[in-house]
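Read through the structures below before going on.
What follows is chain A paired twice: with chain B in the first complex and chain C in the second.
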Partner chain A sequence: MLKSGPFVPTAAQTYPVHEAALGGIDSLPEPPDNRPEDPADVGNPTRKRGRPRVLMANEPRAYREGIAAVISQLRPTVVVETVEPDALDASIKRYVPDMVICSKATETLKGRVRVWVELYPENGAISVASIDGRRMEYTEIQLPDLLSIVDKAEELARAN
Partner chain B sequence: MGARRILVANELASYRQTLAIVLRELRPHVEVFETTSEDLDGEITRLRPDLVICSRVTSTVRQRVANWVELYPECKPYSTFYIDGQHRVKQDVQLSDLLELCASPP
Partner chain C sequence: MARGREKKGAIIDSNAQEHATRIFLVEDHDSFRQALAFMFEREGEFAVAGQAGSLAEARSFLSVSPEGFDVAVVDLALPDGDGFGLIEELSSRPDVMTLVLSASLEPSRFATAVEAGASGVLHKSAPIGEIVDAVRRLKSGEALRSPAEVVEMLRMVSRRRQEEYEARRAIEKLTPREKQVLTALGEGLDSKDIAEKLHITVETERTHMVNILGKLDVHSRLQALVFAARHGLVEIR
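Now for the complex of A and B:
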């Protein structure tokens, strides 16, 4: 079961949100049943750099923390990091994320990250996602949409 | 305070869904309901929550709900908490600030 502690970052801007899965949320998409946790995955190069990474840099803070917590809990094979929006570019270079969720897509983001979501830019209802170069617009994105994009990012990361 | 019936009505959809899930999972002893801004007033009458979290507080909220949070109104960086009869404006709200409003487990 979740505990509230990890949602309270102290001095660090970046913190891993902890593990374990939520249960009983029937309306949300199930994670794909292709998690490489078996010995056959030893030869997969993605294992060398660890689990797929999602970097969260959207505003406002409470929502950033909340979405990070939900993704982390519902997709426990993914590592979720949160940073302040102004640390996005440096964090992309540092963490080499497989997916980014932010409020304003930067050139660094577009050039370096295969999967990203520009969530409610300019506080509007429209969000933009890019999955391996394919751009999509959502008039009002839902939490299940975000989870599906996380699944896509994980698939792409593991396929490489 | 310790809210036991919480109505979540903030915009936008994924934010509202996220808050509701987090509250349900981290505070399983608390009842959490979701609604849109448009349906907020009607749901207050029907559900009688003791805490409302919304993006724009209405006159119905002010008159009929004991505790409320106006979270990031018009996407501003501050939020207003009205808890136990006290107004408080808070910058840079954290998720933990909202979790603290929930009742402790019985």
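Now for the complex of A and C:
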């Protein structure tokens, strides 16, 4: 869908094009080839919950819902839940997510979730991601970055 | 650990469908802007004609594609300035409508956007579906706010402007010595300390303060301090 979508820079080739168009959105990472089509049917004995879960608790709401919709559509093998930011800790305990996207990382999050993204904390440009203890800082995180992190989270979840 | 990215320019899509509502997105948070573009495209009736992450990128886009869109969705707080000027530029184009999408909680900023020519204003705490629907309604000629609401917003801008004017006039009336007293007050000093700092008696300090209160039309030291801080006369650290 995205390949024929709005992100293909086709005009004004001499015009400076945003990085997102230079292999950004247009080159959104495809889901990994080795991923089962329907993980729920695979019956991984070590994982009884079925599909990997992504919990979104970032603000503002438009960001949360917009990004959640994209992940749901482009990564149908994961379940995306959205909650209000103040329900983050309780939701982590309840949903046991494989990945969290939030605006402010809490101690509960850091202690319980292997993959998380602190997206635009304080409404700034910087975002921080943590993948299995490895931290990365993004000066302007892109949608493909978020999808890649979702893929990592899914990979880690299936490896367990 | 760190990974930097530099913004280079706006995204242009000349394939924006002919009969779709063409949208120009101006938003500095790339991942949200890209998600928003995705949401619009998914609806089928919209085509994202361009994207920009700053005022400079937006103006570059406008210079090469001045009539290439029907609705602009504009964030107010962009890395190189407020979006008000851009909204004014867009409002001079008769066929373009502007929807402001902002994280600001200050009603006066929304009101200023309306005064600048925005056809609609929405907070980013709105559901994503409401944003998509707002663009749909604007394109169909529907108003997002009632005339009474718009009038109230314009009144708010007018009131604020009047208040700022009166504050400037009041500040102009202060003598240099009175400004020094206010600055010392902003440092957290009491009457005695201010007097000592300025080498004046406490009685003289009080006389200055009485004059300050009268000129600023406030009733206490605290109110004078708040006034001075609000209007940039003192910096509270």
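Methods note: the second predicted complex is superposed on the first by the 124 of 160 C-alpha atoms of A that agree within 3 Å, B and C clash if a C-alpha of one lies under 4 Å from a C-alpha of the other, contacts with A are read in each partner's own complex, and residues count from 1 in each chain.
Just so it is clear, a contact is a pair of C-beta atoms (placed from the backbone, for glycine too) under 8 Å apart; a residue touches a chain by one contact, two chains touch by 3 or more.
It should be emphasised that the depicted structure is a prediction, and the values quoted were computed from it without experimental measurement.
Enquirer: When the two structures are overlaid on chain A, which partner does A:Y63 contact: first (chain B), second (chain C), both, or neither?
Expert: Touch status of A:Y63: both partners.
Enquirer: More residues of chain A are touched by which chain, chain B or chain C?
Expert: After superposition, C is the partner touching more of chain A.
Enquirer: Counting only touches as set out at the top, which of chain B and chain C does A:I131 meet: first, second, both, neither?
Expert: neither
Enquirer: Output check: A:Q142 vs chain B and chain C. Expected answer is one of first, second, both, neither. What do you get?
Expert: both
Enquirer: Going by the contact rule set out at the top, does A:A157 touch chain B (first), chain C (second), both, or neither?
Expert: After superposing on A, A:A157 lies clear of both chain B and chain C.
Enquirer: Taking the two structures together, which residues of chain A meet both chain B and chain C?
Expert: 1-2, 7-9, 22, 25, 60-63, 65-67, 69-70, 73, 119-120, 123, 125, 140-143, 145-146
Enquirer: If you look only at chain C, which of its residues touch chain A in the complex?
Expert: 1-16, 28-32, 34-42, 47-49, 51-53, 57, 60, 64-65, 77, 79, 101, 103, 123-129, 131
Enquirer: Would you tell me which residues of chain A are touching chain B in their complex?
Expert: Answer in residue numbers: 1-4, 7-9, 22, 25, 28, 60-63, 65-67, 69-70, 73, 119-120, 123, 125, 140-143, 145-146.
Enquirer: Applying the document's contact rule, which stretches of chain B touch chain A when the two form their complex?
Expert: Going by the criterion above, the answer is residues 12-15, 17-19, 21-22, 25-26, 71-72, 75, 77, 92-99.
Enquirer: Using the touch rule from the top, collect the residues of chain A that touch chain C in their complex.
Expert: 1-2, 5-12, 15-22, 24-25, 59-63, 65-67, 69-70, 73, 119-120, 123, 125, 127, 135-143, 145-146
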